[in-house]
Structure formats: C-alpha cells, structure tokens
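Please go over the structures that come below.
Two complexes are shown next, each including subunit A; its partner changes from subunit B in the first to subunit C in the second.
Here is the complex of A and B:
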C-alpha cells in the first residue's frame, strides 16, 4: 500500500506544528536577543540585555512569589478535590459517564466568560457577599491582597476539577479488582486498602496531575487578567500577564520574549524535579 | 484460490486505498485553490480604487460613521470606502497593532488616543498630517487650529486629527443634596470632606467613586483628572525635558485627598458596578459621554454637575481646569491610497458633519466654537447638561502625548495608586516614589533594564 495517504494525513499535524509552534518558538528565541517594538521594521541586536533586565525586574520576582503562592493553594486543593470526585465517580454504577462529563463542563467553559461570572458573584456587592452580609460577614475575595490569589486559585480548581478527576478515574479503573479482594481476604480495612493499594498504584495519575497543575501555576493568565488585573498591590501579578503586558501593551517584544524563555526554563526545572521525586516505575 | 470473504477483503482494501488517494488529491487541490483564490482577492483589493477605514466598535459611533461613509460613497463613487469597525479584542490598540504587524491594517483609522498615536509615530507607521496640503485650512475651517497647536504637536509634527473630547466633571446625587439641605456645591477638598461627614454612612453610602483596579488607563479618570485641576491645567510630566511633577505641592495634595478618601472609608477598596447610578455614592467623576447612557439606564437618577474639586489653597478667582479623553483620526504610511484617503479626511473634518456627530454620539466635537456656533444651538438647548461640559472647552486639557503612556501609568498604579488605596505608603512617600519611577521611565530609552 502506498505510504503517501498516510503521510498526507500526518502532514496536517506537521504543518500545524511548524506554523503555530516551531516557527513562533524560534522567532521568540531570535527576538529575545533584540530590541523590537513589534510595529517597527528595526530590530537592534542587544545580546543578553533583555535577559539581564528580566532578572532585575521587581515584577519578575513578584510574579514568581505569586506563582509559588498560587501553587501552594492550587496543587493540594486540586489533587484532593479531584481524587475525591474520582473516588465518588468510581463507586457510581449507573450513569457514571454522564456525571463524569458533567464535571468536565467547567473545563470546556470559556475562560473569559466564567471569569466575568465569578468576578460578579464574588465582588464586594456581589451575590455571595449579599448572602454573607445576612450573617454580618463580608469577604473581600478579590480586593484583599492577602487572599486575592487564593480566591483565584479556587476558581481554577473548579475549572480543572473534572479534567483531573477523569485522569484519576482512569487510574482507579486500571487497578485490578483482585488486589482489593485479596486485601479484603487478608482482613485489610478500607483505610489500609486506600493507602497501601490505591495511592501507590495511582502514582502515574498523581504524576500527570501534579505536572499539569505545576505547569499551570506558571501559566495562569485569563482569571487574574480578567478579574483583578494583577492587583490589589500586585498580589495577583503572574508571569504570563507580565509577558503579555510587556509584549502587546508596552510593545517590548524582545523583553517579553526573554521573559517567556526564562519562565519556560523555570517551569521545566520544576516539572523535571517533580518527575524525579514523585514518579515511580509501575511496570 | 481465494474464497469470497478474502476477495471482498481485497476489494474493500482497494476501495479504501482508492478513496484515501482521492481524498488526499482533493485536499491538495482544495488547498491550492484556496491559496490561489486568496492571492487573487489580495490582488483585486490592491487594484481597487477604494481604501479601508476602521472606526471604534461602539453602537453610537457606528451610527454616525455609517451615515458619513454612505454619504461619501454616494458622492465619491470612484473612491469607495471599505468601512469596518475595529475587530473585537482586549483593547482596540492591541488589535490594531496586530493588524499593522500582519500588514492587514486600514488606510485610515479613527478613535486613536494621543499616547497610542505617539507610539505609532515613533515607529514611523503614521503620516505627519501637517505636511499634507491643506492641513491648516482644514484646522482653521473646523475651528480646531488652537486645539491642535496647544495639544496635538508631537516631536514637531501633528499626527492626529482630533475628533472629539470627553472632559470630566463632578456629579452629585441630588436626592442626597436635598436630604441634607446642601444648596452650595463644594469647591475645595475640605469643603467636600465636610459634606461627606454629613452624607456618608459607613459601608453603606460612600463619598466619591474611585476605580480600585490596576488598569493603567483608569488613572486618567481619577488621579490625573484631579491632578490637572489642582495644578491649574499643568501636565504631570514634561516629555521634552524628561521631568515628572507628582511630588509637587499640588501632586501631594491630590494624593492626600485620595489617601483620606480610601482610608477614612469614604471610598470602598472594592469595585461597585454603577455605584453612583445605584445611589451608593454621593459623588462621581464623569465625562459628558455618560449623560445619555444614564438617562437611558437610570431615568430616575437626579444629579447636579459641577467643576472639579481643587485643593484648599487654590485661588478662588482662577479657572478650574479638567482632563479630557480625546481621540482622533490617523493616516497610515502603508496606505497606497494616501491622496484619496487624505481627501476623505479633509471632507470628514470640513465641519458639516459635527452637528450630526454630536446628535448621534453625544461626544463633544474637538472645536473651539461649540457654544457660539449656531449648528449646535438646538442640541445644547435639548441637552443642558452637555452644555455645562461645552462651557468648559477653554479649560480642557487632553492627555499628555507620550509613547510611554502605558509604562508611566502602570508605574503610577504600582507606586502611588495601589499603595494609597491600602494605606501602605504615606501620601508624600507615594508621590515621591511615583515621581522617581516615572522620571526614570522618561529618561530611559526603550526598555531593556528596569
């Protein structure tokens, strides 16, 4: 059989990757060494100055600190809640797919749309605070610098709950039932079975979810951009917001590009460290 | 010998192979056709005598632009305009930048603010309009020559034809004024705070709307407006000499005003949508463009409009200035129909469209004869609130023209506005920090090291 039809079909993906990934990536690396304002044809080569500038930029370090804060709230919360939902789903025998897809609805929602909805719901005079005011409580969800990032983290937990749950559910379904039956015969309690069988055998799912969650912590954009704009007091500034602002608002494309490369390197280091420490060979 | 199932399998394999080959061939053909068609359409556009004109994606502005473009197209059939509103995006500026970078931008663009025009001028992508024939005739005819001379020169040239101005004034809730028997509106900060002590109820009724967000452009509508009034119309930066004046006496006075407003509970540290309209605020800073919107959405709201508040030591007999959002039209260097596009711009600004403009958009045309020209009389008779704004025309200061607007106002947010809201810096410290940061931006070249 001719190999051309297969190549023809694969070529779609290859062309897509070259145009929308490889070319922008290489272009980004090239302009990271230049001073360029996007609209002018002039691009001045300035060596490593952009990279040095990023490391001296206080907003880089503020964004780094905010990303760690986001990660500290988001990662444990998303893993615990997604695992909980997956365990619940695994026990449902009837309409399991229906409920699983139901949880996935938040994942396919448009980021801008639900950010607006949440900002209205949780604003100072929003629905949630209107309810809370009946018991004399008002929570400044997005206007208190100490809790604004945690509030955003909770919204993102909601968004990815269904997606991460499906990963855990797939992991749970891959664990042979016979292991639980043997443990039951040996008199193991539910708690022992969970910690000695479920948790260790879910390692691949844990690793994937952890890697996704950590990568997301460095890439968070839509929610803080739409809801808080980086405030109050820069408490929700993130790396990608800075990259976007520098490149498309302040027109420092080279600087934004070098910012992106440094962030990608940090993200890569974190993911590498997680895989080295968490990932286990299950074969 | 093959059995029937095997034959069917081989036949089905052949059919599949045939189908896949046919599909692949079709895909390649369609792709090639699409490429040729798109190339063809590009050539057609380039060969056309018309040109492209982009305007703001606003319903009111579009009603006016449609009318004007229809009029042009019916009388200038040899140079038809391809009119589009600026495509949807986070901000118009970002969409336009993308269009310029991808060479899909228009020939003529309206709704451009000064700072963006300065960026475009620095990049050499827009035309210095004062070098074109008949520029000053147009400016004189539309009674905007002084407005241009005083406010729209950038590095020795004029790059923008100003279309409209949207000055800020103070609105007071009339119901609250009546309830507390207030007949005289405050002029100074102290008089204002004395009223707030009477009117405000903690966490229920606030004093003055003030946007707490970090969006750089929001500072035009609070801090910089009050700064313009406090300084007697002086700008907060001198672009030519790379100087900032936020730590001046009047700069500190404005910072102290907002510090007190937020830290004594007269303004909340969170957003309240349409707070003045919902009668949660006693006062608000608003532009003329709000009059019609409020009439439509909050017809029962009663208010009184007054000039900006000023510091206590501001001379009583001195005029009170205010800041005005101002936008205009630019012509792109990339246009291969510059002559025709310039003819359109001259026709657009001939003055005959301004009465329609104000009637449909409710924005004040950028011209010096608003209150004396009879073409506006009936509009102002029907809209006395808008006339209050028109009366301010001599005391309106537009935004400073600098390509570093975004950086400067982002820095203003970080060093002054946000710390003031949360009381983490004293007004003097915040003013000094912001001044140093902005001065550094003014002195620096394009960004490399912060």
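Here is the complex of A and C:
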C-alpha cells in the first residue's frame, strides 16, 4: 500500500464501480433470462423467452417506429439549423460570444421545466395557436397522432440547437484560413468552397453530432412522459417509457431488463453504422 | 477608376452581408429566448391569460403563493422542501464527483501501479454504456440495500463519473513533473499532492466537471421518480413533474411558477460560468 499509493488513491473509484456499476450490470444481464416480479422470491430461469417476448411485443415495434420517426425529424432539422447558426457565428467577430451564449441558453433548461412550457405554449388553445388562428390555422401539435412525435422532436431541437452549434463552430474554427485563401486564388466559388473544404473538414463534428443525436433519439423519456404520456394512440411511446412501464408498473423486472439490453444493442448498432459510414479518417 | 469602383462595390456588398447575418442571428436568438420570456411572464399571469395572451393585463403573485402553500401547510411546505432536497442531492453528488474524479485522475495520470493501464481503458469503456442498462438493476440494488426513499438512494449512483475521471486524467498529464517532485521532497503524501498542488491548478476542469454534474443531477427526473415514494423526500424536478401530471394538471399557473423555480438556479449558474459551459461542450465534441 505504501509502496503503491496509486492503488490506495483509485480504491474509492474501484469500490464504487464494483457496487454501483459492475454488479448492477451483471445482475441486469442475469435477470434478463429470468421471470421475476420483484416482489416474490421465485426467479425462474426461462432462457431467451424474455428476449423473444420483447421481439413479439407490438409496443416494442411501435416504440421503435416512433424513435425512427423522431430521428427522421430531429437529426436533419437539428444538423441543418445548428450548422446554419455555426456558419453565421463564424462570420462575425463583434458580439460572437454574446450570440453563442444566447443560443446555448436553451440547453440548460431542465426536461421537466421546458416540457411544461412547450406543452402549454403549443396546446390546442395555447398562445401559438391563438396567433396562428389569426391567419385561420390551428395545429394540434401534441394531440394529432401523426404529428405529436414531430412536435416533440422540434422542442428537443430547440433544447440542443446551441449545443450542436458550438460543436460545429469549434470544428469550423479549426479549419485553416489558408485553405480558403488558396481556393479563392484558384477562383473557387463560395459554393465550391463550402462543399470541397468546409463539409469534408467538418467530418469529426458531423460524426459527433450524429452520434449524440441518434443516442438521444433512443433514450427520450421526460418530454413524452410529461407532455403526452405516450399518446395519442401510442404515437409518442418510446423505448424508455416501455421499460419504465414494464418494470415499475407491471413489475416484470426480467422482461424490462431484456428490453433494455435489446435497446442498448440497437443504439450500439446505429452508432457503429454511423462511425462506419460517416466518419472519415482525417490524416 | 474601375478598380476603385470595384472596391467600393465590394465594401458595399460586405455591409449588406453583415446586416443580413446579424438580422438572421437576432431573429434566431429571439425564437430561442422566447420560451423563457413566455415562461417568466406566464408565471405572473392570472390563469385565464396564460393560454391566449403574451403580456399579462396585470401581474400577480398568486401562482407562487399557491405553489408555496402546497403540502401539509405551515412550515412544512412541499416545494420549499423539494428545492432543499434537490440542492442537497446535487451538491453531494457534485462534491463527490469532483473529489473522486481528481484523486483517481491523479493516480491514473501520474502514478505507477499494478492495473493502471487496465483502469485507464476501463474508464473509457464505461462511457460507452448507455444509462438505460443500469436503470432496473440499480433500482433492485437500492431495494436490497434498503435505500428506496432515502437521500443516499438518490445520489449514490451519481457519486462517480467516468467522464470526470477522464477529464482530470487528461489534464493532469500536462502538469510538469517538477511540481510533483518538489511537493514530495517537502514530505507531502500523494493525497496531499492532489489537494494542494493538482486541484488548485485545475480550476477550469473542476468548474466544468462541477457545473455539468450539478446541472445533470438537478435536471434528473426518471431515477428520482423510481427511487422516491414520498413527496417530502422528492427533488424539485420529480415533485414538479408528478404534480404537473397529477394534482396540478389543470393549474397552468402553478406549473409555470414551478418551471421558473426549477430553471432559475441553473440559469444563474449558467450566466456566472458561461465560459465553462461552452468549454465543456467543445471539449466533449473534440473528445469524440
């Protein structure tokens, strides 16, 4: 111990990790193969039944479809708007950090707080519809099953816009100015410069934002739980809501655990696919 | 002649470009800040004006009064208590993440011992695992420990962060060896070196680690509604979330007042530490 003080110093981390990380992790895997209702002492080993059950669960596929719908709105919308803001920010000097901080403000709003705000603001007779009704439009943002998930995606875009912009801005600032200058000398247009210099050199930023956005899409809970409760007609059910419901309302701990493992595997696969297809080696 | 006119033209089009850029940024910022302004105004409105008016016809404190009179009445107010619960849980978690993060980071960056390389890799490995995998088994662990409905049940899983250890390890690798050697010659123990040499030098990392940990534990919702059962033990986010879905479902005034109370502490933190917020995000972006 005195000869190796390092071991002593890391012991707090190691002990905590064994108790609150490794042990739960292994336990989660073990109970995924068992039928257990938390209350009773019997835990029956049932092999892969829980996993097969999840794959036959209509709500699993509904949640999957909803997550893909969320992603289809969220990913392009947040990438285009965040890149747009970052490009604008990169062209100004005066007040640059004022705007950057201003756009980042939404990032710090708590899930519960901004869910309350948007659920009232975009409710059927809320302020946005009151304004829209002046031009004879009202949009049932959270009550139409076809658009409820897209509305939720839009408010999450609001939350993370400044965050993603900052990542893009850091990427833009890392591109050497000399590249643009020599391209200008060669007579390249703004458009050519954007697609031949900016986009390829921003690849690390694109990759990280895509990974963040996709992982978020599979893990949303607070917003649909607070605003729609999963409705209307299950159109905003998500994986995490299902896992929560199965485990803590229906008390199927083993089933919930196998559900969580499948969801983690899906998000791993998506992240892996992004890394394989989008990420370029920047040598 | 032509050259001069060209230059003038260019200068002119640049000015127009700048006006367009600032206008777009300003419009975007208005949209981004609008929900905050609406929230604050709504919390001071009489309930009938929350839905269809932007500016209140008169300001009222009744939403806040009603919120702060919720609960068993008297001194034992639910919302004041829950704000205290949030503060306690987030502070303990933050303190612990900084403490364990810096101690572990120092050992992983600067000391040699059996298993160091393994632990360095393990910290990175841990960051790959999504939180959803731990939700159920950690709840079962809390049941086993008898920590359901306790403070330690709420904060114990958040006391260590692999991300914080990683940041400290990376930063401590850059500190000159002479400083550590000098402290050792003065007879400092390794733990003492962490507290009197390393931590004072890593204020910027500590600020990033502390604010992001505090914010994420303050905003946390799912874990708190799972491990707490009694209203008087719940952090603000959990209490406000459950009340909004339940008792306060038709009281938008109290909901928005609650949202203000939940947002303002982090907003204050944000304005004081805005540089650390930006830096923390850029760093995690580069880390990939």
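We adopt the following convention: the second predicted complex is superposed on the first by the 255 of 283 C-alpha atoms of A that agree within 3 Å, B and C clash if a C-alpha of one lies under 4 Å from a C-alpha of the other, contacts with A are read in each partner's own complex, and residues count from 1 in each chain.
Operating definition for what follows: contacts are C-beta pairs under 8 Å (C-beta built on N, C-alpha and C of every residue); 3 or more make two chains touch, one makes a residue touch a chain.
Computed from a predicted structure; not experimentally measured.
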Query raised in the report: For the three-chain model obtained by superposing on subunit A, do subunit B and subunit C clash or fit?
Result: clash
Query raised in the report: First (subunit B), second (subunit C), both or neither: which does A:46 touch?
Result: first
Requested in this report: Mind working out whether A:176 is in touch with subunit B, subunit C, both or neither, as first, second, both or neither?
Outcome: neither
Requested in this report: Please indicate which partner A:109 is in contact with in the superposed arrangement: first for subunit B, second for subunit C, both, or neither.
Outcome: second
Query raised in the report: Now for A:248: first (subunit B), second (subunit C), both, or neither, which partner does it touch?
Result: both
Query raised in the report: Touching A:140, do we find subunit B (first), subunit C (second), both, or neither?
Result: first
Report summary line: Of the two partners subunit B and subunit C, more of subunit A gets touched by chain C
Report task. Scan A:4 for contacts with subunit B and subunit C and give back first, second, both or neither. Result -> both
Report task. Go through the superposed model and pick first if A:240 touches only subunit B, second if only subunit C, both, or neither. Result -> second
Report task. Pick one for A:229: touches subunit B only (first), subunit C only (second), both, or neither. Result -> both
Query raised in the report: Who does A:200 touch here: subunit B (first), subunit C (second), both, or neither?
Result: neither
Report task. Looking only at the overlay on chain A, choose which of 94-102, 292-300, 364-372 or 436-444 in subunit B hits subunit C. Result -> 94-102
Report summary line: In subunit A, both subunit B and subunit C touch residues 4-5, 8-9, 38, 120, 123, 125, 229, 248
Requested in this report: Within their complex, state which residues of subunit B touch subunit A.
Outcome: 13, 17, 20-21, 23-24, 27-28, 91, 93-94, 97, 100-101, 119-120, 122-125, 203, 212-216, 268-273, 280, 406-407, 410, 413-414, 418-419, 421-422, 424, 446-450
Report summary line: So, in the complex, the side of subunit A touching subunit B is made of residues 1-2, 4-5, 8-9, 35, 37-40, 46, 49-50, 52-53, 56-59, 120, 123-125, 138, 140, 142-145, 228-234, 245-246, 248-252, 255
Query raised in the report: How about subunit C: which of its residues touch subunit A in the complex?
Result: 18, 21-22, 24-25, 28-29, 32-33, 35-36, 38-39, 42, 50-54, 100, 103-104, 106-108, 111-116, 119, 122, 126, 129-141, 143, 156-157, 159-160, 165, 189-191, 194, 215, 218-219, 221-222, 226, 237, 240-241, 244-245, 252, 255-256, 258-260, 262-263, 266-267, 269-270, 274, 277-278, 281-282, 285-286, 288
Query raised in the report: Considering the complex alone, what residue numbers of subunit A touch subunit C?
Result: 4-10, 12-14, 16-17, 19-21, 23-25, 27-28, 31, 38, 85, 88-89, 91-92, 95, 97, 99-114, 116-118, 120-121, 123, 125-127, 130, 158, 161-163, 166-167, 170-171, 204-205, 207-209, 215, 218-219, 221-222, 225-226, 229, 239-240, 243-244, 247-248, 253, 256-257, 260-261, 263-264, 267
